[in-house]
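Just so it is clear, A, B, C and D label the chains in written order, and each chain counts residues from 1 on its own.
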Amino acid sequence: MTETSLRDLALANRLLARDGIVDDFGHVALRDPADPARFWLSRALPPNRVTPADLRRHGPDGTCEDPGAQAYSEAVLHARVFAARPDVQVSIHHHARPLLPFTLVGAPPLRPVFHTGAVAGWDIPVWDSAPFGDGGMLVDTVEKADSLAACLGPARAALLRAHGAVVVGPDIATAVMIAIYMAENAAVALAAGATARPVPSLSRGEAAETARRLLTPNTVARVWAGRVAGLEL
Amino acid sequence: MTETSLRDLALANRLLARDGIVDDFGHVALRDPADPARFWLSRALPPNRVTPADLRRHGPDGTCEDPGAQAYSEAVLHARVFAARPDVQVSIHHHARPLLPFTLVGAPPLRPVFHTGAVAGWDIPVWDSAPFGDGGMLVDTVEKADSLAACLGPARAALLRAHGAVVVGPDIATAVMIAIYMAENAAVALAAGATARPVPSLSRGEAAETARRLLTPNTVARVWAGRVAGLEL
Amino acid sequence: MTETSLRDLALANRLLARDGIVDDFGHVALRDPADPARFWLSRALPPNRVTPADLRRHGPDGTCEDPGAQAYSEAVLHARVFAARPDVQVSIHHHARPLLPFTLVGAPPLRPVFHTGAVAGWDIPVWDSAPFGDGGMLVDTVEKADSLAACLGPARAALLRAHGAVVVGPDIATAVMIAIYMAENAAVALAAGATARPVPSLSRGEAAETARRLLTPNTVARVWAGRVAGLEL
Amino acid sequence: MTETSLRDLALANRLLARDGIVDDFGHVALRDPADPARFWLSRALPPNRVTPADLRRHGPDGTCEDPGAQAYSEAVLHARVFAARPDVQVSIHHHARPLLPFTLVGAPPLRPVFHTGAVAGWDIPVWDSAPFGDGGMLVDTVEKADSLAACLGPARAALLRAHGAVVVGPDIATAVMIAIYMAENAAVALAAGATARPVPSLSRGEAAETARRLLTPNTVARVWAGRVAGLEL
């Protein structure tokens, strides 16, 4: 595993944390190119604190090869997704808030509603941990991980009922992009779906007069001055 | 006017900008204690850039006493509110987003829905510029400002139809607090009012098992470690 | 009380402020291990400014033992919760916005709707100050605090009608985690419950073609470059 | 092209990125005053990273005149808008989230609902790429760009179905202001339109008593102290 790859894997944790895709939990796994049955994953840490030194190699059943590290109980999720999907090099598990309403029983399917939102694909399956019992919500056994991988099938993402999502991709940056825009797509779908009643507007005349008076050099310059505050090139 | 008062007036602009009460527009006026028919207001500037040096005295009809300054056309709003309300020392005009839905024709009245939201009062009148014609949305004439002041009456705040709000108070900090919590109250009322359907929950057993497994020393410590990142005492 | 505990108590105020659980008000109380009828609480301060030097010991009736300090009128809330619940070491009172809609009369119960949201428990009682009269919304008397503690019962949290919440736990980090994820859970429930109509999607063909063209090395690299800006490991 | 203009064009990218109008994509084009059939546009870069050195001149058919640069496939959009609209000096293409629900089939027209929201105009046409086939969502051919320019007509903005918006103006600051307030207007319309049910309020007595007790010097000073934290004049 190259130093660059480990650095990018740590950066992926940080940027997904900053942009609200992972919260205190959530993780990113990278298949080991030299030993494709194994993969790299942070020891159990808040994603906003992960550094390259925190990354550990894990085996085909999800076991962390560093016995001294506190490991994620859901590492097996990535192990079985890598086993089922040779095309996948990166697997992300997260709980981005805008996705969660689409994971609930009875929710409409999460379809792409705007252009960039298409990256996660048309058919996003929803996996349910309920058959594994009340203590089964985490994907922490080979049996559950295999069930989830089967539900994922050839898709780029799956939702986990009342829990979160798994996103996969051929490299770190692609999987990160899919995770981000899948969540953005869900946020737009939520906002659009909340429309419940018509909204009164300005009159056509009010709108015309108001725009004419606002779009003057002084006013426009004031907006510009306020908005560039603190920006550096 | 003391240096402290002018500094606090500038700070009020800055904090209301940072906390989203004023946007590129919006302003805060402070009555001159030595000459109560006059008041202090920034020259026309983005609120996030106002300094004490930008504050100017304005006369009873809202005219800026510094002929070289670009002045707010709505300064007269404050002038006539100060004239009508001897108890008021500070007048804020803004367009905080959560308030705007409550300014629209047909909207429900903006009532306090939670404890701190009570500071703006129970009866918040809504003033409509429509009788003044299509070019009349800004409160930029004595006639409109008097009409608005009459609508405000003894209240601590008034809404302006499809435009924003006026908030008044006996000092800068009180008016700022009313402006902030009136907007917070509106945001809570919007969120509560958007509920359109029941939401399925975890089963009782899932909830119990999940909580038991999450509330362990390791997991709790992980959340704490991520959340204190960057904090200094 | 150890220096570490006092430092953590101050940090809890800061992080809850930064993450929007407490606003200008709200506070965190820690039982004194050496004298379990007493507890530590900040003097009345904005939570984002609390330091260890601002913490004061309070007695069994909620009285601050430092007569010179401005104390919280709701300190008695914590006193009576500690009295009723020997298992509780930490009590947080706050007004996190996503919870407030669930405190209103007629609102659905706040149930866990996603995995981590389970930490606050299945049954979250709602206490109503209305029987104590119009001036009774604050929990500032022994009588009200005892009523609230009885309503809380063995639960990890209670809602206060049109006011906020009380969250309790066995240590600072656990109580903080419950407070955060209880609010996150409420936010997801609000978003899910606002769905009012179906949303049109891209066609299946549009989605496929769009994804194919977006998931190219150049485009993916552009997203990565923008998103890592400013991150440091 | 002056150095100031190029610097302002780069700043426009940065501020629109910081304020959420452009995301990882989106761009701002400026007509060349010395050669009005040509225009300046960043090479394909995340908007939050654009500097003046990244700007390139493009020809009348949208071709980048620097063959070594990676160019935007949608540069032609700006080329044909400039050709159709001699009054336009600046063209912005973006995907601001609050606009997207109004681009969907069956959505209500995006009308101005509050004062400043009027700057984008009353009639905002919606262009649909569907006639150009499943791979046609990007405006990356002369034919599509001419179709969009025809749909735009004399307006200040057009929406693109399930994709985003084009905003035009006579100079950089004006186009930026229109883009910002058009998105703000959409956000207010979404919030207002999500209202689905009445919300219970405090009783009139509770509200009066609560306000009386909150608007005291100590409490007001506490809010002020918390809110000015970190502000500098």
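Here is the rule we use: contacts are C-beta pairs under 8 Å (C-beta built on N, C-alpha and C of every residue); 3 or more make two chains touch, one makes a residue touch a chain.
If you're wondering where the values come from, they're calculated on a predicted model, not measured in any experiment.
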item	value
Which of B-D and A-B has more C-beta contact pairs	B-D
Superposition of subunit A upon subunit C: rotation angle, C-alpha, nearest 5 degrees	90
Remotest chain, subunit B as reference, centres from CA atoms	A
Distance between the centres, which are taken as Cα means, of subunit D and subunit B, whole angstrom	25
Subunit A-subunit B separation of Cα centroids, rounded to whole Å	36
Residue numbers of subunit B (touch at least two other chains)	24-25, 101, 104, 113-116, 137-138, 162, 177, 192, 194-196, 199-200, 202, 206, 208, 210, 223, 227
Subunit A - residues contacting subunit D, complex	113-116, 177, 184, 187-188, 191-192, 194-202, 204, 206-208, 210-211, 214-215, 219-221, 223-224, 227-228, 231, 233
Sites on subunit A touched by subunit B in the complex	17, 24-25, 44-49, 70, 101, 104-106, 130, 133-135, 137-138, 162, 194, 196, 199-200, 202-203, 205-206, 208-210, 213, 218, 222-223, 225-227, 229
Residues of subunit D defined as touching subunit A within the complex	7, 10-11, 14-15, 18-19, 23-25, 51-52, 95, 97-98, 100-101, 103-104, 107-108, 111-122, 137-138, 162-164, 171-174, 176-178, 180, 189-190, 192-196
